[in-house]
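Note that the chains take the letters A, B, C and D in the order they are written out, and that residue 1 is the start of every chain.
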Amino acid sequence: MTASPFDHPLLSGLLGDDEVSVHLGAAADLDAMAAFEAALARAEAAAGLIPAEAGPAIAGACAQFVPNRGDIRIAAARDGVVVVEWVRQLRAAVPEAHREYVHFGATSQDVIDTSLMVRLKAILSLFEDRLGRIVEALGVLDGRFGGNRLMARTRMQDALEISVSGRIADWRLPLQRHIDRLAAVREAVLVLQLGGAVGDRAKFGEKAGEVVALMAAELGLWAPDKAWHSQRDGMFACASWLAGVSGTLGKIGQDIALMALAGDGQIALAGGGGSSAMPHKSNPVAAEVLVGLSRYNSTLVSGMGQAMVHEQERSGAAWTLEWLAFPQMLMTTGAGLLLAERLLGAVEGMGA
Amino acid sequence: MTASPFDHPLLSGLLGDDEVSVHLGAAADLDAMAAFEAALARAEAAAGLIPAEAGPAIAGACAQFVPNRGDIRIAAARDGVVVVEWVRQLRAAVPEAHREYVHFGATSQDVIDTSLMVRLKAILSLFEDRLGRIVEALGVLDGRFGGNRLMARTRMQDALEISVSGRIADWRLPLQRHIDRLAAVREAVLVLQLGGAVGDRAKFGEKAGEVVALMAAELGLWAPDKAWHSQRDGMFACASWLAGVSGTLGKIGQDIALMALAGDGQIALAGGGGSSAMPHKSNPVAAEVLVGLSRYNSTLVSGMGQAMVHEQERSGAAWTLEWLAFPQMLMTTGAGLLLAERLLGAVEGMGA
Amino acid sequence: MTASPFDHPLLSGLLGDDEVSVHLGAAADLDAMAAFEAALARAEAAAGLIPAEAGPAIAGACAQFVPNRGDIRIAAARDGVVVVEWVRQLRAAVPEAHREYVHFGATSQDVIDTSLMVRLKAILSLFEDRLGRIVEALGVLDGRFGGNRLMARTRMQDALEISVSGRIADWRLPLQRHIDRLAAVREAVLVLQLGGAVGDRAKFGEKAGEVVALMAAELGLWAPDKAWHSQRDGMFACASWLAGVSGTLGKIGQDIALMALAGDGQIALAGGGGSSAMPHKSNPVAAEVLVGLSRYNSTLVSGMGQAMVHEQERSGAAWTLEWLAFPQMLMTTGAGLLLAERLLGAVEGMGA
Amino acid sequence: MTASPFDHPLLSGLLGDDEVSVHLGAAADLDAMAAFEAALARAEAAAGLIPAEAGPAIAGACAQFVPNRGDIRIAAARDGVVVVEWVRQLRAAVPEAHREYVHFGATSQDVIDTSLMVRLKAILSLFEDRLGRIVEALGVLDGRFGGNRLMARTRMQDALEISVSGRIADWRLPLQRHIDRLAAVREAVLVLQLGGAVGDRAKFGEKAGEVVALMAAELGLWAPDKAWHSQRDGMFACASWLAGVSGTLGKIGQDIALMALAGDGQIALAGGGGSSAMPHKSNPVAAEVLVGLSRYNSTLVSGMGQAMVHEQERSGAAWTLEWLAFPQMLMTTGAGLLLAERLLGAVEGMGA
């Protein structure tokens, strides 16, 4: 039992997801924050909001910048965000002539939300790939065993026989739909954040649209009409998608655990988990864990809903709540996708 | 305090939604169930699965059928669904020659899920209309007061002045996006349910596609490739959309309550609520209730996520959980939309 | 599918609880509200805060009072509570000389919270009785079948044989502890609410303690040192207890559904539910519904936690959230207890 | 944004809790696991279940044992728990003559649940101390400012003046009750886990009671009548207590944030947080974060409720869900207590 099994030296063997973890770590966050400031400076220079030389100068400093993490950690306790101290350090790393143009017109939330989106973009691609492989694996299972029969169970009772293909379709179709829904999720959430202190881009004047367009293009994000500081529907749409994916994986896990329980040959699994007390047992560990992960993500999505009540122009309360719940949701989804792929790969027979 | 304020003889004055209620009531449910059986019989007759005369005969009986509710209520305790006894009664109301063709090839879940979808279609249209009116009302407010200024507040502190227009945009843009997302929600959830006992449409043979297409057309629903008995991602997508709408309304309510609190003229509201102890007070009741409704829907969406773990071919547990949570979510969303419209209509001034 | 299956003309056959419903209905609420005002008037008269004759006069009027529900419903929309208009009506029903003493020093929240507590007291007693009967029924099953053996299942796999007695103990011990915890729950929540407009009992002066003690005694509630208008820890403690009870019942239901699934004689149940498509089936309906109810209550308890953030001296948002979630929790718990009792009564064999 | 702000190199400055973290880390877990095996061996030797020399030999090895974490991490992926491989390694570290007596009669869940309880005991003491200090700090504030007046606010509107003492009491009384409730929570949850493979202590025969009593005494835990492998009401009672504590802290945070917002001198706070865009601002960061933490814990408690449906003799799904949610709840509570203490220490004035 540890603060987070996802990051735990031992339990991450079961629940970890190294690929997602790296995107959620401090290093990737700091890199994406620097990418934001570099893109901002370049765009502002191009738009004539800051001197032409300030753009490459700041961008160059961003590329080299190694922040003092200890000082940021200390300052976060006071400021509630890491950006205030980080910008102070970044500014000091920029040639004096250009310092005043660092972070010009932006605010902490612009940096943090955009950094998340840059990394979320990569994570969603990862998830799409994994979903694709799982759908493919289900196709393979369907090809091998789809013609077999197994006893359908309704309301936890034997009902009538169905084809294995039928049960696999109940797993595959929702996963395919989750993939199809990704385009809308991306458009909802992978959006540049840029609004300045109170979200109105006041310091950019009529150049606001140009700066936003340039930054969005450089960072590979959508360009919004207005900063979405307090409009969190996109975050919630993404969180719902994550919980939906986990929910479908949980159904698959539950079905496989029940098939394994029945002991009537509905499924044959290679390499189940051991028991410290009963060496004869082979447990459908991954199947069960999928259920647990699904229930966890369904729990957490509620917190993301609560965070939609993001009062006024910036809510420290609602925003902090997102920081707590959303990365957990990403790890939960990622771990589930890894486990599902592994579990389906271990299926050696279905039905008869 | 009552079992459900939405249906309460007194509190429904505050929290009720007569238009949604009528769709969720027993009468509308029984009507839609009958519409399902009528459409089924007509489609099966057209497809040659049952005698040609059985179609209109059964459909005619459905149109006239008045079930004995008391007997259904008693049987529901035993069967876990109302359909078993209801079909028994319906069959008895059909001319003897055609009785055996009633409900042919269908199962309880087909009837209940489809009945919900028929009514959900109407409810979503209602919600779309209301959202449209709210967006419009925000446009009117923007036209009247958008040019005024008010003090932005970030992290619960005065920040810098913004235009009223800016704050209104933070309310309007997510609502417009919720409207835009409705098309995908409809496609995800407004889907005919037809699978028979174990979801494989076994009794329809090669006529399955034809029956599904005819029924879907008659009932105004999408035609699925396969019964979605245990594929609940569409239900969850709809639930998430509902929670998202409530979340945005909750943010609007919270903002207005805070604007009213400030006492610095950020907002002027007509006709606030009274107090039994302080006659001088005028409370922003609707604004506060929007926050409560939002938090309730964000709570409930978690239950709909849990219900995605719909094990095997039919889960009494997960399905019952939907029956408990989903109608509450519809009422919560409906009540919030009504209150938001009323609240915005009471705004007599914003900013200065 | 209806707004609330608990109150539904058909589904309440499965999910209803007539005994709890009556306490949560408008009639019982209005009666308890009148009892509050009567007790208040008597206590204030005894303490000399209002004329001696006003006490019995008001109490007498309360006993006879039949409010106009339609007007209250309309006013609730404006005031956010039913009390403002209800007190106005009550006052009009009191002889003119005493009218000004009606509701003296009290506020809406005093009436509503106390009315809930009066009824909650009865509901908790009901639950205690039911829990006692379930524990007793488990004792009977233990006496009949406890010596039999059944296959334990860990991680959804056959493990080693255990005694039936062992499995029953895993059901009974938590239920017994829930009973034991009731005393603390009662002390936490069955507390008179009396604070006046802003919770400081200003109008009672030094007589506050006396009034509180007299009222608490008359109404059978604990006497608090201070009004708990914005201190909702007692409500949350009760909500947690309810979710805990449902959680244990859900575990019992899940176990029984799995025992019934195995088909190896782990359990024999009389009178399962029918299927509209498979007359041969006997479904463990009550067992499954217990799982659904458990997951619903675990969902709702989150909302009660959110309602603890009851800002300042009275939060319309947090309080409304309680009105939405808490009665649902009571119905969920009640329905589960009824179903569990029924389910255990249908057990005709366990193990071998 | 990181996988868990609690463990994050930067954000833990704001949200971390070094004292709780250390108890939840892998090192403390492995130590407590070793303490379990040592206590088990000593108790079994004393009871004559294993050779007298095996007790100290195994206990001695436990004290020295340094497991190979990499191998455990790998095995956890297969076994779903860390214990199988860890016991294998421990056994290898014990003199060959005694190896067969290591972990005798126990199972993985005994080790893991008991390890948690040993550490939870320390964490709850920490929380009790912090709660005590917060209550004390509130007493100090009451002493300094309690006689001042401030405007009460009901339903987000100015109501009537109250004493600062009154508002402080609404914060202090629930915290005091949380402290009072700790005794019952401890008795519910700080319980030795010992049941063996299927929870019936079969290998201990009539010595079971003696072994349990000795181990419980050595480890400072309660001795249960039966293993609570699948009885999770104690865990849920503890989780509810944690959410309750956070809920009260969230109310305090919300109140202070609103007092700071009003700008009418309701509260004076030293050292608020900075802004990257508005150097003039001083944000009530800790107050807001308390609200976010409260909402997160109220979200998570729902997951712990879901985990009560712990099917049959051991549920990998429900147990994994606890591993995900419960440590987060402990960190959330711990962080909130630290922040509340800091926040109250920064109060320099209340009311006027």
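Keep this in mind: a contact is a pair of C-beta atoms (placed from the backbone, for glycine too) under 8 Å apart; a residue touches a chain by one contact, two chains touch by 3 or more.
This structure is a prediction, so every number in the text was calculated from the model and none was measured.
Comparing the centres of all chains, each the average of its CA atoms, the largest separation from subunit D belongs to B. For chain pairs A-D and C-D, the one joined by more C-beta pairs in contact is A-D. Averaging C-alpha coordinates per chain places the centre of subunit C 29 Å away from that of subunit D.
Contact with two or more other chains is made by residues 80, 153-156, 159-160, 197, 254, 257-258, 273, 275, 278, 283-285, 288, 291, 295, 299, 302-303, 306, 315-316 of subunit C. Those residues of subunit A whose C-beta lies close enough to touch subunit C in the complex are 153-160, 257-258, 260-263, 272-273, 275, 278, 281-285, 287-288, 299, 302, 306. In the complex of the two chains, the subunit A residues touching subunit D come out as 1-15, 20-21, 24-26, 29, 69, 72-84, 87, 103, 106-108, 111-112, 115-116, 119, 196-197, 253-254, 257, 271, 273-278, 283-285, 288-289, 291-293, 295-296, 299-300, 302-303, 306-307, 315-328, 330-332. Against subunit D, in their complex, subunit C makes its touches with residues 80, 152-156, 159-160, 162-163, 166-167, 169-170, 173-174, 177-178, 181, 184, 188, 197-200, 202, 225-226, 228-234, 236-237, 240, 243-244, 247-248, 250-251, 254-255, 258, 291, 294-295, 297-299, 301-306, 308-316.
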